[in-house]
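The data blocks that follow each hold one structure.
Each of the next two complexes has chain A plus one other chain: chain B in the first, chain C in the second.
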Partner chain A sequence: MKNGFFNSKSGIIIVFLIPAFILIGVFLIFPAFWEFYLSMTNESLMGISAVHPQFVGISNFIDVLTDPSFYNSLVVTFIFVLESAIIGQAGLGMLLSLLTYRKKIFRTLVQVVAVLAWIIPDSVVAYLWIAFLDKNAGTFNNLLALLGLARTNWFYRYPLTTIVIFNIWRGTAFSMLMFSAAFDMIPPSYLEVADVMGVSWWRKFKDIIFPNLKRVFFSDLILITLWTFNVFTPYLLTQGGPGTATEILPIYIYLNAFQNFKIGYGAAISVIVLLINLVLASVYFTLSKEKEGISL
Partner chain B sequence: MAWIELENITKNFGKVSVIKNLSLQIEKGEFVSILGPSGCGKTTLLRLIAGLEVADKGKINIAGTDVTFSPPNVRKIAMVFQNYALYPHMTVFKNISYPLFIKKIPADEIKQRVNTIADNLKISPLLDRYPQQISGGQQQRVAVARAMIQTPNVFLLDEPLSNLDAMMRIEARGFLKYLLDKIGTTTIYVTHDQSEAMALANRIVVMQNGIIQQVGSPKDIYDKPSNIFVASFVGNPPMNLLQATINSTQVKIGDQYLDIKESITNLRKPLQNGKVYLGIRPEHISIYHEDSKNDGPIVEGEIFVSEPLGFETIITVIVSDQQIKVIKFGGSKNLKPGEKIKLQFKKNKIYIFEFETGYRINEIQGDDYDDH
Partner chain C sequence: MKKWIILLVSTCLLSISIFAVPTVSIMIQAAAGGVNSQEVTWFNQWIPKIETDLGIKINLITLGVSEEDFNAKLALEIKGGGGPDIIWLDGFMTPEFASAGYLHPIDATATIPEWQYFYPSMKAYGSYNGKVYNIITDTDVRMIYYNKELFQKAGIPVPWQPHSWNDILKTALILKQKLPGVTPLQLDAGTGMGEATTMQGFYMVLLGAGGNLYDWNTGKWIIGSPALTAAANFYRDVYITDKVGDPEYQLTPGGREQTFKAFQQGKIAMYIEGTWLYTSVMNPSNTSWGIPNRDEIIGWAAMPGRGNPGDPKYVSISGGSGFVINANSKNVALDEEVLKYLFYVEPVDSLFELKPSILPSPIYTDFSMIVNENKYIAETSKLLEYSTYRPALPVYDQISYQVQVLTEKLVSGMSVDQALAQYASAVTNIVGKQNVEILP
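What follows is the complex of A and B.
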């Protein structure tokens, strides 16, 4: 017997999508709801509430929102995201792809270096950076000493700057690859027409290049913002310290949930972070959809 | 001094030599067409004039200024690219006004100038649309408008009609000619389509492999091609080129002797071994009947195929194993494949080309247009 559903086009599409939906459900949607549930309990790793967690309503949220160290983390995270992702990775990525536009060999070289930083495993990278920046034996300080400059313990003197630079180094490749691919999609004649008219480089960027890669640009911002917001690797370098100087939200969550064993409390922070992420993503979406040409 | 002067221009891309020691002069107000097969270096030549490429050797003068090493913007040229290069995120109005906008011309003057040009080009109703929302022919006009509004020293047009379908192309061609005649700006128009070059230009530059083959008026190029390449590139269907041997009075094609005394009276070069190409255009061949007047040499052949095209018919005839195309006006009755047929070549329209070099060696007298 011919089955109408399986023979229709949308039927086939739905059938093929089922495995994906199941995976997304099991590994993304369910944990999100579970997280939300946990955030309403006093679940912990030890003690009575580990066995019999109790429903506590929104008291975890109230605790989080009245905790000064949460706001410290929030501020640190925003600085970290702004400086390392938006200014650092996207800015530097844009600059590098502009500088290497239509310079094949140069671009390949830069990309190889950038991609290397991107693909090395976290733990190896952390080890390399600790070795590189070590006050007494580190390569960087040895270099400074050679130049007659003072050795510095970078992780203590400039902790946030250090992890910002670390994250720029680590993630710029992605933005550069995105932007370079988008540049290559712009027909060279767009820019040559502008050259003939005598358009300045800044105007070319503003009026011709940027509008043609706006979608890619904001997609990139969404991705790197969310990744940086949720990145945990700096823990391997600084453990959130010294003090709470580099205690970005993922580290803050980890410390609360798994070092202080307050699972429910940690879940509440996660839910808040999730909401912030949603808001940021929708802002970017709105910006990228905005229609805009040159203004006369 | 000519308005545009190219002097011994050479351009290589790596090991590929694209333009070879090319010189050309263009007068103010001329409409020059660069004609050649694709890959012969036409676009490269245009880009050299625009300053988008820099020549390896040679000099370029535009409007009395040496611009050999100048960037594009100081050359006061405007270019229409093959793909038009309209900005997809700008409306037609913004596209056309952009060159003025970046020169910081006041908004109301911009508006007025765009409107005038849009009127001229009959694109006023499209000003608020985006390039993706208008047809190919309209896009082409917008690109021309954006070039015109810059009031350049010279227009450079790179195959501006090649993206249009056949019907649109002929219409756009006529309009372009009307428009460029009207504004009178010096124009260099690149095309691989001989009919475009013939229809538009005052002067045609025929190029092959980065070398100019001939420069002349459309009529010259058509009537007095200097070599086999030009002869076979211009005209549709192209000129018939038949392998032949020649002595002072006769040409031999296969085993047929043709009396061509009148065509070879003044050969420019002494004949070497007598091997030549005989060239004759399809429109200069007629079907010979007993009662035809004696107007040139006659060959015998066999009809291979005949293709009626409405007004005219193209007949392919095999003469001593070589194909000859003939244009016959009027009906095509009694032209059945396999039938014997006699063809008469118009005596003063016969071209003799040297076999080795391809150069024409007979002189063509008169420039009568009394055909048919």
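What follows is the complex of A and C.
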């Protein structure tokens, strides 16, 4: 009994890991392989190929990679991720946590507002934003009209900008919470000494705050980039339109798979998106490892 | 102790009686107070009667979503092995659903006594590969609706009947000049409007130039023809050259509902649509978009052809929906009982009263006061003579989507040649090179 499997250290580790591996296997690994299989077929939701899907090899991938609307989606997605996640959410999150550093009441207030925007369900949020921005009855346009400014159909005139701002509003809370928590781990004496020495705010940020924040910063970037890359909520606001102006990849997949009923084709795009996600994640991991111990 | 046993026994009995009542679920694309609200009212009237008469329970599922979302949800549910027993499905989707094995064929002759008197076109519309899948409840025609008040304000005499595309554009330009803030013409475009774009939009124009999407003689899809070019040019005239239509409605999510609202409020002057717009959307009983004095202020005109020699005088295209049975349904015999009931003269008449339409059989119309008193249906039914149907092929839905994309590009300002070239290559990709043709 003493030297049995369950008493050895690795044995226990394996036993504890089994449930997790089963869950990951059933809900992540199996679907990924299933998707890969689907991407090799002409499986459809309607018509004859819904009954007898055929193996078509890599022709779906060829179709995707030669489809101009795929590249349009790719470009739209990169702009969306860059502007809304990396610049918007991370930038604003950093700014807010800096501004509220060691201001307890102010920070609580800002956090409550930000977290509220973060925890409301997608469908509710979408409805609120449509009601807010509607051209004829929306609150925002009513305010503009009061000020004598022209009413604007924001989803039509500035579609991508609108969903970028929407996504910043929606997701800044996460970055802000991460950064605020990280700030609190910096010993206050560092900054106090710097204050006594009369150091500029930029030097404080560069030499004290950022080095202490780096790990949090990179994990935050990994997470929000991947989330934003895969977010579907803008569909509820613009349905990818007008035209293809806001057709980010998840929407492009949805339209192909469920509005055009081409399941196999949709799966092929999903596989490509999965690969892009893996590349993005590994780039960040490598970067965060390299940066360790090197000052800016 | 005794109480205990009584309670237990009665609970058991109760649950047995609940489970013993067979249930039929019916799903419709409608919402009380919203889209197709009259259908909900109708079911609420008839369900209690059917339940008592047949000794069953009916579970009505209403979904107030767009037709595209409705079809997608339905297909996913049935493919997943579930779904409601009976569905009120748009007839043009019958081939897609039937070829996917989602529908149970219906023995219509045995099930529905009225079936033998259905118009042949209605029988064919609900059939696929020689089997009946969809018992059509109604059909329709398409036309131009116009707001008489706005026309009079602009000094255009009513009743109004255009005889060419030019007449439409000229009228639209007068409206544009005389009534700022009013959109002269709503001609559906874009993917957001869904099937409405293809049917009441592009098809109505294309037919007017003597064209079609599909060549019945050769069995091929037409990817290039003078009529296609003419139709695309008409879209360009409306949205880009003359700017008598508003691209914003076509390209904004929820644009279709916004046009209903705008038409109700007198912000759109002409609207090319089907019977449904008059009898359901503008119906005074519709709390969202109804027009209380609809009969006085809304006029209608037949949609003219282009106006060149040889073009059709008027055009229309007909659709309609009906009841289908899910292939996964556990009790088809019972579903057929329900269908049989729904197609009795009385329920059909009462549906007509709530939401008038062109009925699928003279058996419902010949002796019905309600139907015969309806001037709108009597008058517009004359358009059936000019009307045609969409190609009932499983691939139609995908081609239709490409038509929506084509019009979306046109209203966004893409040149006619470029947009048509992209349409041609997209359609070729779908059906293959051997199944397309270019007409000189």
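Everything below uses one rule, namely that the second predicted complex is superposed on the first by the 287 of 296 C-alpha atoms of A that agree within 3 Å, B and C clash if a C-alpha of one lies under 4 Å from a C-alpha of the other, contacts with A are read in each partner's own complex, and residues count from 1 in each chain.
Just so it is clear, contacts are C-beta pairs under 8 Å (C-beta built on N, C-alpha and C of every residue); 3 or more make two chains touch, one makes a residue touch a chain.
Please read all numbers here as calculations on a predicted model, not as lab measurements.
**Student:** Does the chain A-based superposition show chain B and chain C clashing or fitting?
**Tutor:** After superposition on chain A, chain B vs chain C: fit, no clash.
**Student:** Pick one for A:Gly198: touches chain B only (first), chain C only (second), both, or neither.
**Tutor:** Only chain B is touched by A:Gly198; chain C is not.
**Student:** Specify the angle subtended at the CA centre of chain A by the CA centres of chain B and chain C, expressed in degrees to the nearest 10.
**Tutor:** 150
**Student:** Tell me which partner A:Pro19 touches in the superposition: chain B (first), chain C (second), both or neither.
**Tutor:** Neither: A:Pro19 stays clear of chain B and chain C.
**Student:** Regarding the shared-chain residue A:Gly57, is it in contact with chain B (first), chain C (second), both, or neither?
**Tutor:** Neither partner.
**Student:** Just checking: does A:Pro121 make contact with chain B only, chain C only, both, or neither of them? Give me first, second, both or neither.
**Tutor:** Neither: A:Pro121 stays clear of chain B and chain C.
**Student:** Please work out whether A:Tyr156 is in contact with chain B alone, chain C alone, both, or neither, and reply first, second, both or neither.
**Tutor:** second
**Student:** In the superposed arrangement, does A:Gly148 touch chain B (first), chain C (second), both or neither?
**Tutor:** Neither partner.
**Student:** How many Å separate the nearest C-alpha atoms of chain B and chain C in the overlaid structures?
**Tutor:** Nearest C-alpha pair, chain B versus chain C: 51 Å apart.
**Student:** Which chain A residues are contacted by chain C in one complex and by chain B in the other?
**Tutor:** Correct list for chain A: none, the interfaces share no residue.
**Student:** Taking the touch rule as given, give the residues of chain A at its contact with chain C in the complex, in rising order.
**Tutor:** It comes out as residues 44-48, 50-51, 63, 130, 153, 155-156, 237-239, 241-243, 258-261.
**Student:** Write out the stretch or stretches of chain B touching chain A in their complex.
**Tutor:** 50-52, 71-74, 77-79, 81-83, 85, 87-91, 94, 97-99, 101-103, 107, 110, 146, 150
**Student:** Give every residue of chain A touching chain B within the complex, in rising order.
**Tutor:** 187, 189-190, 192-193, 195-200, 203, 207-208, 211-212, 292-294, 296
**Student:** In the complex formed with chain A, which residues of chain C make contact?
**Tutor:** Contact set of chain C toward chain A: 68, 72, 75-76, 79, 96-97, 99-102, 190-192, 248, 251-254, 394-395, 397-398, 401, 408-409, 412, 429.
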